[in-house]
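For reference, chains read A, B, C, D and E in written order, and residue numbers begin at 1 within each chain.
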Amino acid sequence: MNPELLTPGGANVRAVHDAFHGDLLEVSMGPHHPSTHGVFRMIVTLDGERIVKLKPVFGYLHRNHEKLGETVSYLGSMPYTDRLDYLSAMTNNWAYAIAVEKLAGQPVPERAEYVRVILAELTRLLNHTCLAGFLMQDCGCSGTPLMYAFREREKILDLFESLSGSRMMCNYQRFGGCRVDPTPAWVDATRTLVGNYGAFLDEFEALLTGNEIIMARTQGVGVLSAALAINAGVTGPMLRATGVASDLRKSDAYGVYPRFQFRVPLGAHGDVYDRYMVRVLEMRESIRILEQALAGLPGGPIMDPKAKLRGFRPKAGEAYGRIEGPKGEIGFYLVSDGGPNPLRYRVRPPSFINLTVLEDMCLGQTVADAVIILGSVDIVLGEVDR
Amino acid sequence: MTYSPLHLCLLFSSALFCIGLIGALARSNTILVLLGVELMLNAANLNFIAFWRYGPPTAPGTGVIFVIFAIAVAAAEAAVGLALVIAVYRHHRSIRLQDANQLKG
Amino acid sequence: MIPLLLIAGLTLATAAVALALRNLIHSALLLIASWAGIAAFYLWAGAEFVAFAQVLVYVGAVSMVVLFAVLLTRRSRDDISVAIDSPARGIAALLTGGAVLGVLFGAVISSPLGAPAAGARPSLSVKELGLQLMGPHAAALLIVGVLLTVALLGAVVIAAGDRTDAAERKPEGNP
Amino acid sequence: MLGSGLLQGLAVTAKNFVGSFHDPARYTTVEYPEVKPALPEAYRNFPFLVSENATDPMGTLRCVACQICEKECPPQCIYIEKSKDKKPDAAGKPQIYPAIFAIDTSVCMSCQICVEVCPFDAIKMDQVFEIATTTRFEALLLNREQLAKPNSYYHGIHPTEAAEVDARLAADRKAAEEKAQAAAAAKAAAAAAAAAKAASPAPKAPDESRRSPQGEGGPPTPKPQSERGAVS
Amino acid sequence: MNAALLFATTGSVLETLPVTLRDLVTGWLPEPLRWLVNSLVGVGTLLAVIGLLFAYLTLAERKILGRIQNRPGPNRTPIPFINLRFFGLAQPFADGVKAITKEDVVPDGADKVLHFLAPVALLAFSIMTLGVIPYGRHLVLLEFDAAVLYFFAAGAATELAVFMAGWASRNKYSLLAAMRALAQLISYELPLLLSVVPAVMLAGSLALPAIVEAQGGWSYGFLPQWHVFTPWGFAGFIIFFISALAESNRSPFDLPEAESELIAGHLTEYSGFKYALFFMAEYFGMCALSGMGVTLFLGGWQAPLPFLEFIPSYVWFGVKLLSLLLVFIWIRATFPRLRMDQLTRFAWKFLVPLALINLGTAAFWSLTAGWSGPLQFVRWAVALALVLVPFTLLGRRLSAGVAPRTYRYAT
């Protein structure tokens, strides 16, 4: 690897020049490429169209998130977590809230736990629907699956908006509960949405799942072995697609998840198709969870009455809170020295860690495959670069 | 003496033949040599058509049919020739004729 | 007569320039133009079918193979331009070519070709051509078919034969 | 058979094509500048300062420049300078007021934390979303006069929430008056001091509103200085 | 009876209307000049009609894509001066104005001559292919004996222009696209030609009007004798259509300009008017191939039912052409893109063998043309079997290892 290629500015010219010197073609895909899902860059070395080397370059969206978390109050970090994985603000909020609640020993009322489960599963629906749309866009669909996915996503976002006031940057969870109590009208709207979601998924799957072109494009492509996935710390649907039964909702049994009946779909091949299908099947399980949670939503306060908002200073100590986010294990590690700000604030971003196996999955595949493999990892650059 | 169009056609074809010949002889790049040979072949085809057009009327279409066969053979020749070029390149990492002077692998 | 002169001039010019150029891609594209010129000549001469066959085979197929070969056998972009390596070789080629040209021109000009029968433009419809091909020339047609198939297979075998070799080759880094 | 999945896909797209002409669920576009999307009541975008009276917004700001929001604001987009003097607020009580209150809306991320931490219900979330300007800096830095909007506007955009806030403020005021009266009575009748003490817990009665978790339900005496330094 | 006569007369008047109009305009000219002016008028009319078709095809494509994706598509561009929106019908002209006024950027390292020539050549070749298609009973611009050959000869050259564009841009994405374009052309030229051969075989001519004439008439009084309504014709049409998708670089074979992989492929370094020329050429190519498909398999300008013959032939041609173009768009809206190796494998291992077998089917069909009575059923059954069995077997081979999966659950 020519070190000059990594230097910004003029790097592309140099890369073009060098690439014509060997049999191998070095292509810098990104940071401005239609399908790198943001400002992500892959330096791909090609033999014909086969990838012999892939170097991911990221950090273009680095926002100092973790250091920032140490300079603002515990509450002040909450809106920033929205911006980590901006497709799943609600689960980010929840993971952060769990970490702080652990640190402060703050109990959460039952109603809030139920609302959190409902929102987390809605987020999972939203995220997986979008991901399927993006993935198909990477496969070369002219926007149709993406537009259908966005149509449904809008409905979930409308719910989020009418509850939290914002579509994506919800900033909804608080330490010891949730900020706003959902009204009965909101619960009814959610029930309607959940009731209709199965039909949407059926149509979506009719368009995609049995499509021969999609099967040919995705089956056997970007295979990730279970051993490598475990060693690399891959979590979430990507890990489950390799056949490893790992779901924090089952193993950690956080919140009120043990009260719900649901199954965890597992893949067998660890390829792109499995990753897509695991997500689709997870959405169907999410619908089951949502139906149960909406049916069993208890009354009572949404916030613990003793919870403090101003002057919140947890006692010195450390805590790691994690949940099963749509992309995998999203965790927050906090160290408190008793002050109003965390002494140390660290995020375990699932899509960043899942991204580390990108090269292993892409070697020997073609450029076209690299694009969909990246799509199947399900990254959000806000979370990768932090 | 007046020159008939046939003369012109024949001059055209001989000039084309010689250009092909010079190209094939002067260049050391295998692909260019092959292209020169193709040109020579085309020059020959020109003659067939010219004679078919202006020559004494014999069996109708003989010239045309000969050209069709010649084109088919030329296509085959081009395909095999260029496949050979690629094979040579794979082996010698070069398509200069001088580098492929050994009849062994 | 004027169309013929135009066609001949263009064809010869493109062919000559093509074989003199350093840039292989330009050479190939100019040669394609030259082949198209030959097709135009056929069209002028009234051999419609041959003209279209010429375009289809040369402009459509042979050109692709040539361009593919050029792209597949380049180690760098500079390889696209090739120098005429030895002047002696060039001069020798020019002399040989000039000699052949002189002989041919002499022969053509001195040959007493009778003027063509006025307006006797031989017409050959596609149908007649097809009947001739399938009739008296059926055997030749079959042989050409076999030849093409064999050539195709041979080309595939030759070009793909070194596959293992290529795979074993270590990917070279940038120089 | 090969192709059945493709045909199925074609059927789905055909269904959507036809559906987009008669089924509102399959034609979801809102043609924005002509048709404004219906905003839910909870929708929030950028804060504003609540003033009691539309005719004299600067005189009736609820804000007492306690600077809690300035300190808690995660992106630190609020800038407040306290006044040197005191002016009577809507209730007639002399209060410090913000001499400068500026929000840089190009930095603000509409997280609502300033609203949540405000003990005086003085800052609330607005619902603007057409705030495009032709300059990058000055036009997006909103000052006190641009930020102040009357309570009636607040009622217009968040009716439920505003009603709760008004009820709470009225209760607080009433309690404060009672407390003041009690205090006056206590002063008048020094012997009845014990009775005045008994009246004081009244404001701490459980508050039904969703802002109750903030701890103290009533307006605490602003003590910004004591909490300063947490952010710096 | 009277009504039928009226229809017939109006029909024939309408039928020859374009020719009559032309003769009205140019009839007074002396003979050699008249021929020239007639040709020019024909070319001009064709270019105007196809150009307008192109303009509104872009709009239609975007609107149909939009509707399929539950959105309206472009609908805002008003007609200038009167400011009337009218479904955005002025959109193509706004696009045109934009394309012309945009800066034309040529990369520094580009091969400037080829970079300029590529769009021009592409457009020229695409327009050339349009010349031979019989748009109506009396509307053929270029009457060649070997028109089919001419069409594919000119069509084959278009990919050369794509290669030129890709190579000249000196951009790695463009270069990859150029290679893809070449490989795609070599793979799909063959099934395209092979699928056409049966139609030529049955008509016994390479001239397109003769092929259309061969599809005239109705069997059983209602079933048009278009090739598409025979087993071999249907298979041939599908093969032709798939290959046409590939030849015109349309989804799902738009690999040279795969936007999710190669940015815009060979178009990456093109902007402004040159880009518009590429766009135009793509649509012209699409129209030409659709027109060819209509001519070869869908009966050309023939009416579908006997009593509809009073409608002029060019209208029928237009209707068929537009419906084929609609299918192009519909497919684009639905399918993802294939991968390069799958694309070539699909051509060589599926389309080419099928097209070859289809030749045999067509031969069988033409040999058994005399069969009647119950033998008709035998004829249909054998022909259908000859189409369906290889399709199923080859399809199974092709999709080996690719199947829907079942999933297990951890509880």
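Simple rule for what comes next: a residue touches a chain if its C-beta (ideal position, glycine included) is under 8 Å from a C-beta of that chain, and two chains touch if they have at least 3 such contacts.
Bear in mind the structure is a predicted one, so any value in this text is a computation, not a measurement.
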| item | value |
| --- | --- |
| Distance in touch steps, counted as few as possible, from chain B out to chain C | 1 |
| Reference chain C; chain at largest CA-centroid distance | D |
| Inter-chain pair with the most contacting C-beta pairs | B-C |
| Chain whose Cα centroid lies at the greatest distance from that of chain E | D |
| Inter-centroid spacing, chain E versus chain D (mean Cα positions, whole Å) | 61 |
| Chain centre separation in whole Å, for chain D relative to chain B (CA means) | 86 |
| Chain centre separation in whole Å, for chain E relative to chain A (CA means) | 43 |
| Chain centre separation in whole Å, for chain D relative to chain A (CA means) | 31 |
| Of all residues in chain E, the ones touching two or more other chains | 68-71, 175, 333-335, 399 |
| Residue numbers of chain B (touch at least two other chains) | none |
| Multi-partner residues of chain A (each touching 2 or more other chains) | 19, 26, 144, 148, 151, 207, 209-215 |
| In the complex with chain E, residue positions of chain A that touch it | 16, 19, 25-27, 33-35, 46, 49, 136-144, 147-148, 151, 207, 209-217, 219-220, 245, 247, 250, 263-269, 273-274, 277-278, 281, 366-369, 371 |
| Contact footprint of chain E on chain D as seen in their complex | 1-3, 6, 9-10, 12-14, 16-17, 19-21, 26-29, 31 |
| Residues of chain C defined as touching chain B within the complex | 1, 4-5, 8, 11-12, 15-16, 18-20, 24, 27-28, 31, 34-35, 38, 41-42, 45-47, 49-50, 53-54, 57-58, 61-62, 65-66, 68-70, 72-73, 75, 82, 84-85, 89-90, 92-94, 96-98, 100-101, 104-105, 108-109, 112-117, 120-122, 124, 128-129, 132-133, 137, 140, 144, 147-148, 151-152, 154-156, 158-159, 161-162, 165-166 |
| Interfacial residue positions of chain E with respect to chain D in the complex | 64, 67-72, 330-331, 333-335, 391-392, 395-396, 398-399 |
| Residue ranges of chain B in contact with chain C within the complex | 1-12, 14-23, 25-29, 31-32, 34-36, 38-39, 42, 45-46, 49-50, 52-54, 57, 60-61, 63-65, 67-69, 71-80, 82-87, 89-91, 93, 95-96, 98 |
